[in-house]
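Multiple structures are listed underneath, in structure tokens.
The following pair of complexes shares a single chain, subunit A, combined with subunit B in the former and subunit C in the latter.
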Partner chain A sequence: MGLFGKTSFASIIHRIFGKKHAKIGIYGPPNVGKTTLANRILRDWTGEIMGSVSEIPHETRTAKWKKDVKIENGRSSLFMDIVDTPGISTKVDYKEFMNTYGLDKDESKQRAKEATEGVIESIRWLEGIDGVLLVMDSTQDPFTQVNITILGNLEARNLPVLIAANKIDMEKSSPATLKSAFPQHPVIPISALTGYNSENLYSTMVNQFSRKRKKRGR
Partner chain B sequence: MSKNIDGISVNLVSRDKLGEFSSAEKLNFIIKEVKKGKVLVLEQGLTPFEQTELIEHTMKEIKQDTFIGIEIEGYSEDKQTFMQRIFRIIKKPRMTVIGPADLLKTIRKDSNMIQTQIILGTGAK
Partner chain C sequence: MPHQCLKCGKIFNEGSSTVLKGCPSCNGNRFFFTKKPLEDKEREAIYTKTSKDINSKILDILGIDKNDIIDNKGKWKTMKPNDVRKVLKQHLNEDSNNKKDENISNFENKKEILKERIESKNNNPETINIEKPGKYFIDIKGLLEEEPIIIQKDGTYTIHLPSIFKMLEKEGQN
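The block that comes next holds the complex of A and B.
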């Protein structure tokens, strides 16, 4: 047993310098599994769920949040306010909801209108959060402008980012592509649907989001 | 959005021209031109904050039957070197292409090339 008994030196440093509470935004383009992941996190740590999921893009059109979710990684823990944000996109076409997903015209137009408002709400939430869990679809090309824009914005704000390479349960998934695309950030391959590798995600969330950041102005 | 039936304008905008604008003016210029059905190639792209403001601005401008948003692709800022960080030298974002989402479609993008297509008639989907 060392000088500090069973408590590791790292955990003492963390207690002194680390954060105890952080507001974490779950961000990403539509249909990458943000709400599925939010549901997974809440189900594992609170027994609740955040919201409904759908194969139709823009299912989440207003931000939803759950306060004081305690996540532990064995050595330390962090209370998080988890914010599930609407998907960010540069276009919203109601005809896509009609032609691809079979919604009727009125329903499609209403969904499109709410989706545009949701994108604006997501961007505005960036002002008040402490860190971002950026969800990407590991079956898709990671170099989309939305991914680049969100990451660039978070880096400019000096916010801690953790990339969840989701949908690794799918055959076409390639989390290695995401890792090589964004080597400056931790990338955790997961399946929000099955829960595969979620323990690794939680452990990294506690480490990544406990760090205090230096404020940087715009 | 009005499309010229004789063709689509693709305008290359110099960094000098963009440099004359404030951020707000730059975004207004882009939205105004794109809503007219023009494709813009910016010699110097937008900062991350400008990009998110452009998305926000675009969402406010969407009219369901005439303007469904934008297609935008570009290269992010080069990483600052240690000395540049010390002396607070801000590196400018790189080339960016922006157009109406029903007209411009990104085919492929890698670290060397952004490949896009202008789709006439039914527009890009």
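The block that comes next holds the complex of A and C.
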């Protein structure tokens, strides 16, 4: 037994089964359904919810997280800390909140300021994250500055990425466009609102995020 | 068999229309649903309990004075929506005169705080502030410290994402 002391035995187990705990960030532009998806995941696996959702963009302006969410896929399972982040955008216009969504001027300006701080906070959270669930709106053109910039940076950090092509319950949605736009990453079409195809998302999450993270090359 | 008239003890089949019309022999209109016929004593006890006037029973349960809800003809007082509003208003005024003031001042406070926070020059996320075309405030210290490039003009923010990623990388290295 000398060869297999307590610690080395544990490390062998760890090596065989890989990393079973991962901190997953839900990222994406505003209003693509990040919090709706976070709520869906938590409701399916813990029965709780992450935060409030709204049709007004930038509803989530500070990151929220939930620890130790166990997601199962047949025999294998993975404990995840799920981080729901504010939407990342290149422009926050308070007039949009005022004119399109009817908030008053002060409220809109404050929302714009908080949303801008939220963008910085989102990116700060990348430090210490093991994998990213990148949410995109499958009814929108995927080739935006935000999507390309985020993906480029995630790839530079060697973070495992899973793209959730959300809102496929909408008529205009085209998840195939997303698939062909980003062939280097798994793309799962889902509807966070109705839960459609969430099983597929969960099994891909367990597979994708259980993999040992490659050494970060900067 | 299961319906028994509480007044005279006569028994009727389950679902018999007698329960709707009233007992044909004694005109009783209270029936007890039971498998076995009740003993006379038991039946009488329930009868006296249930034969109490329904109005007084409700008054008993609510624990209020009869004159409050029943007029002198023995009928329920009726209220129009306006009356309800009046009573509620009166009730609110009596109860939470102080609270109401507090709420209003809270609301005004909130507005003030909001305004202050928008106008405050500290802790703003932007590094470049366009007051009007041609007039700029540039946070040189922030930019030198590699804070992200964020341009603010009249409450609208333009964010240079690569500069935020760059800031993060620099922080990670330190």
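Assume the second predicted complex is superposed on the first by the 201 of 218 C-alpha atoms of A that agree within 3 Å, B and C clash if a C-alpha of one lies under 4 Å from a C-alpha of the other, contacts with A are read in each partner's own complex, and residues count from 1 in each chain.
The rule we apply is simple: a contact is a pair of C-beta atoms (placed from the backbone, for glycine too) under 8 Å apart; a residue touches a chain by one contact, two chains touch by 3 or more.
Values in this document were obtained by computation on a predicted structure and should not be read as measured data.
With subunit A as the common reference, the superposed partners subunit B and subunit C clash. In the superposition on chain A, contact is made by A:Gln110 with subunit C only, not with subunit B. Legend: residue contacts after superposition of the two complexes on their common chain; A:Glu155 is shown touching subunit B, with no touch to subunit C. In the superposed model, A:Ile24 lies in contact with neither subunit B nor subunit C. Look at A:Glu127: by the touch rule set out above, it reaches subunit C but stays clear of subunit B. Of the two partner chains placed by superposition, A:Ile168 touches none, neither subunit B nor subunit C.
When the shared chain is aligned, subunit B and subunit C each come close enough to touch A:Gln145.
By the touch criterion stated above, A:Val92 is placed in contact with subunit B and with subunit C alike. Only one segment of subunit B in 8-16, 62-70 or 116-124 runs into subunit C in the superposed model, and that segment is 62-70. In the three-chain superposition model, subunit A touches both subunit B and subunit C at residues 88-94, 109, 112-113, 116-117, 119-120, 123-124, 126, 145, 149-150, 153, 218. Contact residues on subunit B toward subunit A in their complex (touch as defined above): 47-49, 51-52, 55-56, 58-60, 62, 64, 68-74, 76-77, 101-102, 106, 109-110, 125. By the touch rule above, subunit A contacts subunit B in their complex via residues 88-94, 96, 109, 112-113, 116-117, 119-120, 123-124, 126, 141, 143, 145, 148-153, 155-156, 218. Residues 88-95, 106-110, 112-113, 115-117, 119-120, 123-124, 126-127, 145-146, 149-150, 153, 218 of subunit A are the ones touching subunit C in the complex. Residues of subunit C touching subunit A in their complex: 111, 114-115, 117-118, 124-126, 148, 150, 152, 155-162, 164-165, 168-169, 171-172.
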